[in-house]
């Protein structure tokens, strides 16, 4: 790989220290206990959501969301005219860019977007498109930038909610808010809002068990309209389980919606009071 | 054209300076400057039409590219470019040429200490040669503080620099001798800094004199 | 994989059993794709090339904007190699965009500009896209041949067939004393022959119907690292034009067959077979 | 996909046709077009397949290389998908034009094959920490006439099914350095266990209905579709939504169920066909693009 | 009215304010914005800090990795600073490779780190000639509102101050590495440089801690980095010439400010230590 001359470069190869074994060679894989989660939640309990609006003063709209240790910032800018590559476009466009900060994950991320981040960018775009009145800004593009500062699981769901709140904060016309949540499935266990270690467990299949459900589902919906705006499933799950899980997720999404609404209303009220 | 024999006093304070103007045929102005063994060549194109992305509607945009002697342009060189750019921007009357660009290209030829100062001086000479209107000319002087005896050495070469505790590069304007740019490395105290600045300010006069003599000479030739 | 030394094979035969002036089997199919304006598939031995032609249409993108010449049509070529196309076993990193592909695109463009009646298409663009599916030597020449066929399929008027053929000089000092036809250059080299330390000349010519008169050469390129003595050039040229003539008659036959097939009412299709 | 523009009248016509369960080409909503598939058509690859459905034309080549395992997964091999949208499909794909679509398709493929239930990367390991196989699945899209995802999914499975990995006769560690010996006989090779490889099914929502195997025109009438990958044992290994529309919850579950039934049937048919082709043996004539 | 005026005629808007001896955000010429530090909030980084100066927000995270040292300096580890000015933080930036500005800032930060001798690269050595630590210091700008260097240096020093590395052993015979995940050692920091930025306007008008609007309209910028009682960097890349008097004024102002920032970082670091003890 050519060296990037636009940065200060370290050594050519370096390895994270996590791959090395511990001093005392204990069995490094601790069996995960599904009756008790590391943060003392029940399986169907979500982490607390902390949401703050307008944290990026330079942006048109912005939001910061914390779900447990997952921290995501999102900002939205003024619409820009589309570069006329295919002639006039009767609909507006949303451009999303999703990035993990280099220090946000167990493994250091490189500065360019990797395949996963590109995929998440596309998912984010598809999630937001049904919610935004694209016909209101023809031939213009709204940029949505998402940065995950700390990824402790369910970062995609957090990013979706941050983005939808930031869009609302920026005053982009929308049909409704988008809420999202994630569920991890491992056998008969349904783990709502999994942490990153739980995500890693749900992603791997135990040995010699073919008929075993495992996987992660992220579901984004427009709770005000009872619509699903995006599903992202990965793993190996049968249809009935998916049905059951999506039901749980839709219910959760409905519950989250007031949190977002309240936060938006509070910001408006604060602005209003300040003006007075 | 050799000018070294005339710089009578400066030899004791600064390394001998040599300059040839109009070395390059393509640019609108060019200067090859040697300060001791440090040598650079600078060429100016401009004012030319600016690229749409870089155009500023009410003034000229200044683009600098600095190429090191070997290898591709790195992060370090961006810093040099920024210093040249902002120093020249202060001197050039940018509002004279709205929506146009002035390109300054500097090529390193040899580095034996005081590179930044040398590039700034070469850029100034090239700007004079190109006839770009300027508010004032500017001269950069390099100096260092020695590690053991804390002496200030003006315009050190690369061997002297190995014993430097701190190194300073200042650029002064020709009118009030105020500081246009200032670049430092190493740790130093406030008094050391002020002393160094003072010494450099005095030395800058020799550089300005050098400019004047040089221009006089070339004016005759032309 | 045959080692390069095996080329020293006696009896004047080449590693794949061909004579020096023998071409590989050429198989052609025109109109492979329904959606393109013109398309062709050509096989020269194991070199397999797919070409599609779109246009003439309104110029678009960057090519359309910065054209100084509006009195003639624009030819836009893209040469791309499938990542799995290399016969040598390794996998290509990128299908296009590397220097070699860009150079090929440009050479192809020059060749095609020479045969298309561009003056009847002012302010329009013709796209020629080449996809190399399998590469076993002479792929540039095969793509020129394929592009010509695709243009015919698209119904774009051309002046003549542009025919590409390679001639390879197998420099082998050990063979010098023998009378050797191989020594004077072999036609339509495959990958192994191209890898030999000789020089490979890719030539695109516009051969005429009668083999006597020779039309101008258009593209001469690709020296494989070795110098070519000027005295050898004329004999190589003669050889390669002979090869072009051969290819032309094969392609011409294929085109005529295809067109008769197409012009017959569909009922007759069965009868023809 | 060479630039199709539909008027609203045409769109309504297609929509009404689908409402009546009678599509433009005479198919019903859940019917596929007939497909042509040919495998092992490219001798320079370890496995290959070409799929032709309607106007869609896909070529898949598989190359296998020796590689070093990832440091954090020392006993797993590697599987990499690369999709190239060739400009032969449409001039819009020229240069980097097709990259967005290509990323989307390779993302779906990666997701579909990610679970160990589908593809066990451990089978590709030769010597832990030292040597493993890396399989490159390279998809070349030569023409698109709708339903790319399904077509790519089938073609990839067929190509993997035809893949022959050279047999390793000896793998030893010589002073910390791996030493691998491959079998001399080029016919002596291992086949991949494709029994539980997924296939991809797209359910395209048009109006109030959903259809499979949409043509290009039908795709233009749709605002959203569900792309799911089905494992032959009845599991779903990935689901994503495409398009800018949203879907009602009930519709979504119905689509999933429909996809499951179709996926299982399609997979069975595919495997039967591949088996049939395999019975022709090595003497089978290869048609390629000459047919 | 105010905001429209600002958009239509930004230069005049600022000048009018300055003529009234007040800045657009209500500050006096030489007063600073409030700062805040938040330490160790990022769980996946080896150490981290969020540093805010007014609106400007920088998140710094350090990831430590292991690598072989350079042959010419077998006992020296690596420190790799990097600043990201993503499009997220301001409409001025576009996606893509680092802009010229980001490159200059990162170079400056590297210079400051080296000049201040805040860290000894020998402390990063695990086994001479075989294994050393690489500290990837990523500075992420979340909100870009001027005085970016001050915020970066603040975030970086706060992060370095809380950095701990797991105890690591290199076995020379087998060449294997083992890491003690439970025992983390504090990384020693030798100095605590503090950077203070100024903007200069017509008639030698000095403004401390400029916002983005002020920075983009000013005629010259000056950054001074203090290292305890010494200066380790004076950065003035160009712009309007300034007198010696101005240097003196900015230096006095800088010293006071540096003390404040240093005490703030110290306080933040010690509360973290306190928390650790309590756990």
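Letters A, B, C, D and E name the chains as they come in the text, with residue numbers starting at 1 for each one.
Quick note on the criterion: a residue touches a chain if its C-beta (ideal position, glycine included) is under 8 Å from a C-beta of that chain, and two chains touch if they have at least 3 such contacts.
Here's who's who by UniProt: A, B = Exoribonuclease phosphorolytic domain-containing protein; C = Putative exosome complex component RRP41; D = Ribosomal RNA-processing protein 42; E = Ribosomal RNA-processing protein 43.
A quick note: this is a predicted structure, and the numbers were derived from the prediction, not measured.
Q: Give me the fewest steps it takes to get from subunit B to subunit D if each step has to go to a chain it touches.
A: Graph distance in the chain contact network comes out at 2.
Q: Note the connected groups of chains, using the touch definition above, after excluding subunit D.
A: Subunit D out, touching clusters read A, B, E | C.
Q: Strictly by the touch rule at the top, which chains does subunit C share as contacts with subunit D?
A: none
Q: Please indicate the chain closest to the centre of the assembly, with centres calculated from CA atoms only.
A: Central by C-alpha mean position: chain A.
Q: Report which interface contains more C-beta contacts, comparing A-D against A-E.
A: Of the two interfaces, A-D and A-E, more C-beta pairs touch across A-E.
Q: Express in whole angstrom the distance between the two chain centres, defined as the mean CA positions of subunit B and subunit E.
A: 29
Q: Taking each chain's centre as its mean C-alpha position, how far apart are subunit C and subunit E in Å?
A: The answer is 60 Å.
Q: Could you grab the centroid distance between subunit D and subunit E? Build each centroid from C-alpha atoms only and quote it in angstrom.
A: The answer is 49 Å.
Q: Could you pull out the residues of subunit E that touch at least 2 other chains?
A: 103, 106-107 - these are the residues of subunit E that touch more than one other chain.
Q: Which residue numbers or ranges of subunit B touch two or more of the other chains?
A: Those would be 75.
Q: Enumerate the residues of subunit C that touch no fewer than two other chains.
A: 61
Q: Among the chains present, which pairs are found to touch?
A: Pairwise, the chains that meet the contact rule are A-B, A-D, A-E, B-E, C-D.
Q: Which part of subunit D faces subunit A closely enough to touch in the complex?
A: It comes out as residues 71-72, 100, 103-104, 106-107, 110-111, 114-118, 196, 224, 226, 228, 231, 233-249, 252-253, 256-257, 260.
Q: For the complex, which residues does subunit B have touching subunit A?
A: 72-75
Q: Quick check on the complex: what are the subunit D residues that touch subunit C?
A: Going through subunit D, the ones touching subunit C are 1-2, 42-45, 48, 55, 57, 59, 61-63, 65, 82, 84, 86-91, 94-95, 136, 138, 140, 142-143, 145, 288-291.
Q: Using the touch definition up top, name the residues of subunit A that touch subunit B in the complex.
A: Subunit A reaches subunit B through residues 5-8.
Q: Enumerate the contact residues on subunit C facing subunit D in the complex.
A: 27, 29, 32-37, 39, 41, 43, 46, 48, 50-52, 54, 60-61, 76, 78, 80, 82-87, 89-91, 95-97, 127, 129, 131, 133-134, 136
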